[in-house]
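Take a look at these structures.
Each of the two complexes below includes chain A, the first together with chain B, the second together with chain C.
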Partner chain A sequence: MSRRRGKVCKQRKLNIRTLTLEYKRSKRKVINEYNYMDVTLDFGEELGYRGIPVDSSMFVNIIENSLKLLFGEVGASIVFDVVKYREKNRRAILRFYERDLVKLWSSLTMCSEVGGKVCAFRVNKVSQSMADESLRYFQ
Partner chain B sequence: MDLNIIIQPIDGPREEEKISIQKVRMAIKLGFEVVALNVIVDGQQMEGKNLKIPEPPVIKLGDFEMAEVKVAGKTFQVKSRLTCVVSDTNQCHHLTRSPLAKKYDILAVQPMNEKIFQHVCGNMEVDIICLDLASRLPFTLKREQVGQASTRGMFFEIQYAPCLKDRIARRNTISNSRILTQLTNKVNIIISSGSSQVMDLRSCFDAANLGLLFDLPENKCKEAVWSNCKKVLSQAVSRKLPGKGVLFMGGASQLQPSDQWLLKACKMPTTGQEVVSSEKKSTVSITSDCSIVTKQKKKKIRLS
Partner chain C sequence: MVRVKQRYFLVEIIPSVSQRPLLGELHSSVNERSILRSVRESVEEIHGDFGVGATQAGFTIKMFNSKTSVFVLRVRRGPHVLVASALSFVRKIGIMSLTLKTLHLSGTIRSCLKFLQQYDRQQLIHVLRHHQLSQDQKEKIHESMLKSEQKISGETELREEY
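And then the complex of A and B:
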C-alpha cells in the first residue's frame, strides 16, 4: 500500500507540474469602448432633508441638464445610457464612452439642486466592464 | 483628506455641536481619513490687543461613528484649523503672538491686499494660504511671490464648495485656479471642500476628478487631495516644535551604556576639535576638561 501511495503522490506531483507549465498569462486584447458607472442620487434623507420621486426619464434629464450647465452645447452632446435604474433607491448604472469620463463625472459632482431640493450624486464605482458592477442592488 | 470643513458660530453650543457631528459623520461615510474643522476669524476681531479668537472646537465621537470606521479598517482623525482674514501687518503680528492661535493644529491666512500677500509669502510662518477664488481677485498674483511661498513650504488652497451653487462663482473659481496652477507649476496645491453645509461635501475621488477641471494633470490631482495634505500636517507639527537643536553637557564617566559608542567614534581626538560621526548624524565635540558635548536635531538626550 505504501508503495502505491508513493506512486500516486508522484503522479499527482507530475500532474501539478504539467498544469503549471501549461498555465500562460493572457492579456485581454479586446478594448472596451464603454465605461460603466454606478451612481446614486442622494437627497440627504438620513439627515432630515426631504426628497422628491424621480423617474428614469427624469434621472436622464437631470444629468443632461447638469452636463449642459457646465460644458454648454458640447457637454449636451455627450452620449450616455442608463442600463439599469432602481426608483426606490435612485441608484443607476450608466454606460458612456471612455473619452467622456472626466466631463460626465465632474458635471455629476457639480450638480447640487433638483427641483428646489438640495441633492448630491454619489459615485459608488467606475469600471471598464459590466461584469464588475454589482447588480444585487438592483434586484 | 479634507482640511476645510467650516464651523459657523450658531446661537446655542448644542446645535453647533450637532451640526458639526453630522458633518464628521458624513465625512466618515464618504471615506475620508483626516478632517480639519475650520474656524474663520475676521480682520476686525484681530485688531487691538484684545483678540477674539475662539478656542479650538472639540468633538466627541460616539461608538456609532467609530464602528463605521472600524468596519472599513481605517483610522480617523479630527484636526482643528484657524483661518484669519488679514488686511494689515499689525493683525499678522498679533496673530503670531497670540497663545490661542498656537492651540490650533493648522494655521491658515487669507490675505486681502497685495502688500499683505507679499508679507505673508515672505515673512510669516503659516501652513496654508487660502485666496477667495469664488470672487474676482483684488490683486494680481505674481510668480515671484507665489514661488517664494512655495519654496518656504506653504500650500495654496482651492475650495470647490462655493462653485456648487452659484454660476458666477463657478466661473471665477475655474479661471482663478487655472491662473494659480500655472503660477505654482502645478505643485503645492491643496483641493478642499470649504463647505458650510452637510450636503456640500463630496467624496475624495470626486474632488480629485475636479482637479482636472482646474488644469491639473492626473497625478497632481491625487497629490492635491492626499499626499500634499499629509505634508501640511507634518509641517504644522514641525512649526510648533520649539527648537532646532538641543545641547547638554556632562562628564565622560556619566555616559549611559547606550551612548558609549560616542567614545569609540571619537577615537580620542585633540582637544577642542569637532568630529562628525556617521552613525546618527550627531556632532560631538570634546572640551579640555574631557567632557562630551552632544548635539542632535529635534532629539533630546538626557545624560544622568
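And then the complex of A and C:
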C-alpha cells in the first residue's frame, strides 16, 4: 500500500448537452489534514420514487452503520463530521481525515438501502478546503 | 504470473485460567474447523466484510497439534496484517474460552516448524521444572530423550560415512 503524493480532488458534473456524467479531476501537491466531501443521499426522486425523511442524526447514523458493516470496528472508529446538512435535499458536507477517504467513500458506495427503501449516495465533490464547496445548496 | 506469497502464523492456544488443564489436552470441540471459524468471526468483527473478503482466499490451518495446543495458520501476504490484528481478539473456540498467543510469523512453513522445535525444547524444560513427576515418568522421559539424541547423532554418523 503505497502513499499517494498529491491529493486528488474530484468534481461531478452533468453535461446537459450529451447527458453524460463527467468528473473533473485536479491534483494538488499540498496535502491538507482534512478533506471535505459534498454528498447527497438519493432515493431516486427525479425518477419518481418516494424517499423517507432523514434528519441530521439519522444521516450520521446511516454513514456510521455502513462504515461498520464494511470495515468493522476499524471502520466504526473513523471520525467524520457533518459540517452542513440540508434535510430538503438530503445533501451534506462531510469533513474527515484524508487518510480515511478511501474507506469512507467505499462504504458510502456500498450503502444501498435505508429504512427499507433503495437509495444511493451521490458524491458531488471531494476537495481539500471548505472554500471549494459551493454553499448555495445549503442556504 | 507473479508468485503468490503466503504468511504462516505460528499460534499457541492458551486456555483461560479457570479451564486450564494440567498438562492436559484441549477440549474436543477445538479442531481445525472451529479454529478457522472463530478467527474468521474475529476478522469480521474487527475488519468487517472487507476483512473477511480479503482474507478468506488461502485461509487454512496447515498444522494443528492438540497435545501442545499449537497451530499453523496460513494467510495470503497482503491481508495477513488484518488477521494479525484480529487474532488477539479471539476469545472463544468451540466451548473453550481462551486467548491466542502468536509465537512466530514467517513466509514458509519450514521456518515456522524450525522455530517450533526450539520453542518446544524450551517448553519442555519449563514443564519438567514445574510439574511433580513420579520416578516412573522421569525414567520414561529420560529414555525418550536419549533415544532422540541417539537418533540425531546416528544421522550425523551416517552423513560422515558418506
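Convention: the second predicted complex is superposed on the first by the 108 of 139 C-alpha atoms of A that agree within 3 Å, B and C clash if a C-alpha of one lies under 4 Å from a C-alpha of the other, contacts with A are read in each partner's own complex, and residues count from 1 in each chain.
Keep in mind that, in the parts below, contacts are C-beta pairs under 8 Å (C-beta built on N, C-alpha and C of every residue); 3 or more make two chains touch, one makes a residue touch a chain.
Keep in mind the model is a prediction, meaning the values are calculated, not measured.
Undergrad: With the two complexes superposed on chain A, say which partner A:R99 touches: chain B (first), chain C (second), both, or neither.
TA: In the superposition, A:R99 contacts neither chain B nor chain C.
Undergrad: For the three-chain arrangement built by superposition, which of chain B and chain C touches the greater number of chain A residues?
TA: Higher number of touched chain A residues: B.
Undergrad: Under the stated touch criterion, which partner chain does A:Y49 make contact with: chain B (first), chain C (second), both, or neither?
TA: Only chain B; A:Y49 stays clear of chain C.
Undergrad: Identify the partner contact of A:K125: answer first if only chain B is touched, second if only chain C is, both if each is, neither if none is.
TA: Neither: A:K125 stays clear of chain B and chain C.
Undergrad: Applying the document's definition of touch, where does A:T109 land relative to chain B and chain C: first, second, both, or neither?
TA: A:T109 contacts chain B only, not chain C.
Undergrad: Touch test for A:V74: chain B only (first), chain C only (second), both, or neither?
TA: A:V74 sits against chain C, while chain B stays out of touch.
Undergrad: Residues of chain A that sit at the chain B interface in one complex and at the chain C interface in the other, please.
TA: Touching chain B and chain C on chain A: residues 69-70, 106.
Undergrad: Can you list the residues on chain C that touch chain A in the complex?
TA: It is residues 43-51 of chain C that touch chain A.
Undergrad: Over in the complex, which chain B residues touch chain A? Could you list them?
TA: 22, 26, 30, 163-165, 167, 170, 197-203, 205-207, 209-210, 212-213
Undergrad: If you look only at chain A, which of its residues touch chain C in the complex?
TA: Contacts found on chain A: 68-75, 106.
Undergrad: Going by the contact rule set out above, which residues of chain A touch chain B in the complex?
TA: Going by the criterion above, the answer is residues 44, 47, 49, 69-70, 102, 105-106, 109-110, 112-113, 118-120, 122-123.
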